[in-house]
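I have a structure here, written as structure tokens, and I will follow up with some questions on it.
To keep things simple, chains are lettered A, B, C and D as they appear, and every chain counts its residues starting from 1.
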Amino acid sequence: MIKVGIIGGAGYTAGELIRLLLNHPDVEIQFVNSSSNAGNKIVSVHEGLYGETDLVFTDELPLDEIDVLFFCTAHGDTRKFMESHQIPEGLKLIDLSMDYRLKSDDHDFIYGLPELNRRAICHSQHVANPGCFATCIQLGLLPLAKHSLIQSDVMVNAITGSTGAGVKPSTTSHFSWRNNNMSIYKPFQHQHIPEVKQSLAQLQEGFNTNIDFIPYRGDFARGIFATLVVKCDLDEEQLYQLYEDYYAEDSFVFIIHENIDLKQVVNTNKCLLHLEKHDDKLLIVSCIDNLLKGASGTAVHNMNLMFNLEETVGLKLKPSAF
Amino acid sequence: MIKVGIIGGAGYTAGELIRLLLNHPDVEIQFVNSSSNAGNKIVSVHEGLYGETDLVFTDELPLDEIDVLFFCTAHGDTRKFMESHQIPEGLKLIDLSMDYRLKSDDHDFIYGLPELNRRAICHSQHVANPGCFATCIQLGLLPLAKHSLIQSDVMVNAITGSTGAGVKPSTTSHFSWRNNNMSIYKPFQHQHIPEVKQSLAQLQEGFNTNIDFIPYRGDFARGIFATLVVKCDLDEEQLYQLYEDYYAEDSFVFIIHENIDLKQVVNTNKCLLHLEKHDDKLLIVSCIDNLLKGASGTAVHNMNLMFNLEETVGLKLKPSAF
Amino acid sequence: MIKVGIIGGAGYTAGELIRLLLNHPDVEIQFVNSSSNAGNKIVSVHEGLYGETDLVFTDELPLDEIDVLFFCTAHGDTRKFMESHQIPEGLKLIDLSMDYRLKSDDHDFIYGLPELNRRAICHSQHVANPGCFATCIQLGLLPLAKHSLIQSDVMVNAITGSTGAGVKPSTTSHFSWRNNNMSIYKPFQHQHIPEVKQSLAQLQEGFNTNIDFIPYRGDFARGIFATLVVKCDLDEEQLYQLYEDYYAEDSFVFIIHENIDLKQVVNTNKCLLHLEKHDDKLLIVSCIDNLLKGASGTAVHNMNLMFNLEETVGLKLKPSAF
Amino acid sequence: MIKVGIIGGAGYTAGELIRLLLNHPDVEIQFVNSSSNAGNKIVSVHEGLYGETDLVFTDELPLDEIDVLFFCTAHGDTRKFMESHQIPEGLKLIDLSMDYRLKSDDHDFIYGLPELNRRAICHSQHVANPGCFATCIQLGLLPLAKHSLIQSDVMVNAITGSTGAGVKPSTTSHFSWRNNNMSIYKPFQHQHIPEVKQSLAQLQEGFNTNIDFIPYRGDFARGIFATLVVKCDLDEEQLYQLYEDYYAEDSFVFIIHENIDLKQVVNTNKCLLHLEKHDDKLLIVSCIDNLLKGASGTAVHNMNLMFNLEETVGLKLKPSAF
């Protein structure tokens, strides 16, 4: 059994991770750390867990009792933790924050997008889990980048569920405001763009066009639905082939010829991609569940790879569908 | 023109009151007081007002410039205000908090439910606006009380929109939690029951059965939908007649023979009532918009009565319907 | 492997059943019958199944190739089917319609509520799966009935998600109408009451009070949230003990001391029960996922029992939580 | 009083038109024609009208009793009607279908977008009311076209409420499907693009770039929220000035410097526009209520203009806000 510890245990991604790991056949959760909730029962904070666990939040950190540590920490806090703690040799780390996603000489984290870096992840001790928007966007573009086909700016519109904004209540997560509402934020300036560009540049030498990204706040809780538009000379059939080839070995990405919708992926670890060519423009529709494929599902996926398990273990989830 | 001041101007009921008063032909808003928002534009806080007003929140209180003062204050704060301020003679007061709803020798506020106390309101200087749940429940029961027909406990289940819980973000108003969720709170113990009982006792001598009330948090923003069940010997036809008679002179209560639904009243000042008799039990369905008939709409209604205007002025609203 | 056939494969309960069975380790779906969809791919009708199956709807019925047949048929259609087809000896039947829920000399179906009839189900060839509302209500009352404690009328208010009304579009399932709306239907007359009364009478000799049931249409897709109120002399502690004892051996019913909410059970096969005593009245809050514990989850539960599997196989689902 | 007739009275735009006209001080509704609902009460079909009208649908067409006829007909049906009926001389026509929106020698309808064609509308007998998406998109682009600034393809993403798809139930308007879902339809091919291009070409000589439009189905009932991206050399300040100048005389379009959200226009006849410049790209956010500014509100606006009324009469609506 893989022994797991979780830091930042009171947030949404931690909750989803716990919901996943409790049903994972090869995992035992050793501790869930949350200073603010120390002593409280997990079931009193995270929805849906009655009858599944007696775990209690702890403010201790017995790092020598675990095989892997998941950081469900706020951005910035993983780095602070790394700088202030001695990490036992051999302890694997999976960081869901954005602290180590960008390559740098000052760390050895691998960017944990399995569809891009599977082999490296398998041999890595430290993995930086991708951002939710970043995952949804990259998966729609990687096959193009691999063939150096991104030669114009890419227009991306993507709508996220409210869980993407975290558990802390705010004006824009207030039900009265968000219900039946629609708005954008940080247009052309979202913090996930650098990691998207890093991945595209990894595959496409000399990549240097813009990713013009407008994030929308959706009035639903789970999921990201994105449309991407980019100029492209290939025809639809060629493009489908190219995408199917790229994802041929991947367990969670599916290329769909019919029109797709968000609820087809909600509560699953899937990414669905749909392609349409209109004149010289390629439209890519990409959707994922932000808490699963966009966060905790991929974290488990990465763990599976790092521990040499079959990659889908614990991730064959019944879709909620409705 | 009636000159109006508003205290507690940043909350939901103040916002709704402002949206109403800006279109009221006989009213001029003189000031909107909010210490936390002093200096900010009204339109930057309250949805839907772009192009309608240049008003700015103030922390001043020029009480001698106004004819009527609306308290959109938190419960307890109106009383504090009254105790610490000199109210100019002749200034009319309409209090949307619950501070003065229960009769007492230490104040002269009239309980401002027009369908119960119209005449008294017309001649009153100080009106205590009813609670939202209290309004929805009372309107379903007043005709029975008038004929001393409430002889058994009344079972009330009522679902409220999230605006009923106020603008301050909280766990249960977080979109991620509330969306598609359902829950109850304060069952059998809601703070609106005493005012309901007070009104029933006003009409039905010796009234002393229970109002067993279960409030539900609904996953919508506006409205209250209530079902009331009480034993009753009259048949359906007699009951319809009794309700129609009771509300014959009222502008905003409608007795509907067909099944009703909440959106028929949303964004209106109406209360719809539907009756069904099943064996010895009477089912009453009652619905209102909590921000209008349940709060600011009735506040304007009371103002109209206090200033001898036709009672529907400023309250003939286009229903949103969807 | 248990070989499974499904009739009425295009509806919501069939979709949920397929989503469950594709991940069930001991089951192989042999065919999904749907005359209207014959030839179409399952994934083109049921949300969430891309990448999980290549199955195609069939209009054939190779009953001799299967071990168990699930009827996801409209009410009335199972009976018609039984009267017009020869059922192979040894073929187990699980009927999700309401055709055989009430005991009668003209059939041998066992009422398939495991918490009431586990032993009989284990030895049965033919099982009538309970109604969704009926499940939610009964589970809240069985422990009382076992101790003959239902001595007054029971008031039940229960709100159901839109999937309870089926896949066929109608006025009250139109998004524009139902979104943010609330309404009731069939008050005091719902078709699930007889099966509830049958179960209560099975445990409580001479049971003969009313189940006064008001069903509400909720503006969410999945789940049933019910409150039940009944007079009772026991105190809260005694009642919790009584409920915990009754469900001690059951895998899916949990007695919760804290206030509960619907999303704690959505996308799970759980039923949560919460109790509160207010004066002489007992309030029971009961919630389930109507498509799982209220339909297809219990159908799989019954299959597990009929085939002597551990009862939770295939039913340990990650909650959607949001 | 202007005497009004309505054809196609059972649909959403007719319902909204009736809700508006019942409160319009200068209008009397003479008849509402609906063959399928003849004899039924208006209030039994259209939400929110209890207590406001005793009108009954008719299958008669007393065209000589009215001053203006509103066509709330399905696309194609206005043309059929015009070809099969004798229109009395002097009867004004306002067509909400798309039959006469494109200029042609075979008809004399004026395209009824007041912000583009106010003067022509004032002197017109026949007005073709714009499409909802078309209104939202055009209002975001007209000031640019006026200054010949649309020199590159325009990328438009716009999300519409479910009422945009009409009252007839369908798979994609089923609550179970649409709730919390997101999807697109007719990308790059929506039927409103030709009228948008016609308007832009009216202002910008030689206009011939693409309007690349992706329509989204939103999980809300009312409103359209659009983002438009186009290359532009002017800076943000110049652009704000240009937009403010263009709409200086218009009553319902507001240029907002702060970020905007959809609910700021819901249940109003407003269009809000917000501008941001990012490098060489101009982002325009535009939102309207699809049933008001996008349909029936503009129809009343056009009527006001055609009858020489102040243009805002009957259109100063309390926003629903929540």
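Assume a contact is a pair of C-beta atoms (placed from the backbone, for glycine too) under 8 Å apart; a residue touches a chain by one contact, two chains touch by 3 or more.
All values derive from a computational prediction rather than experimental measurement.
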Exercise for review: Work out the mean Cα position per chain and let me know which chain is farthest from chain D.
Suggested key: C
Practice item. Have a look at B-D versus A-B and report the one with more C-beta pairs in contact. Key: B-D
Practice item. Provide the C-alpha centroid distance between chain B and chain D, rounded to the nearest whole angstrom. Key: 34
Exercise for review: Could you tell me the distance, in whole angstrom, between the mean C-alpha positions of chain B and chain C?
Suggested key: 40
Revision key, fill the gap. Chain A to chain B, mean C-alpha position gap in Å, rounds to 46
**Study point:** chain C residues counted as touching two or more neighbouring chains
**Key:** 12, 47, 161-163, 176-177, 179-180, 219-222, 260-261, 263, 266, 322
Check your understanding: If you look only at chain A, which of its residues touch chain C in the complex?
Key -> 12, 15-16, 19-20, 23, 44, 46-51, 161-163, 179-180, 221-222, 252, 254, 256, 258, 260-261, 263-268, 270, 272, 291, 316-322
Exercise for review: Give every residue of chain B touching chain A within the complex, in rising order.
Suggested key: 12, 47, 161-163, 167, 169-171, 173-180, 219-221
Exercise for review: Flag every residue of chain C that touches chain B in the complex, lowest number first.
Suggested key: 155, 157, 159, 176-177, 179-185, 187-189, 210, 212, 214, 216, 218-223, 225, 227, 229, 259-263, 266, 276, 278-279, 281, 283, 285, 287, 322
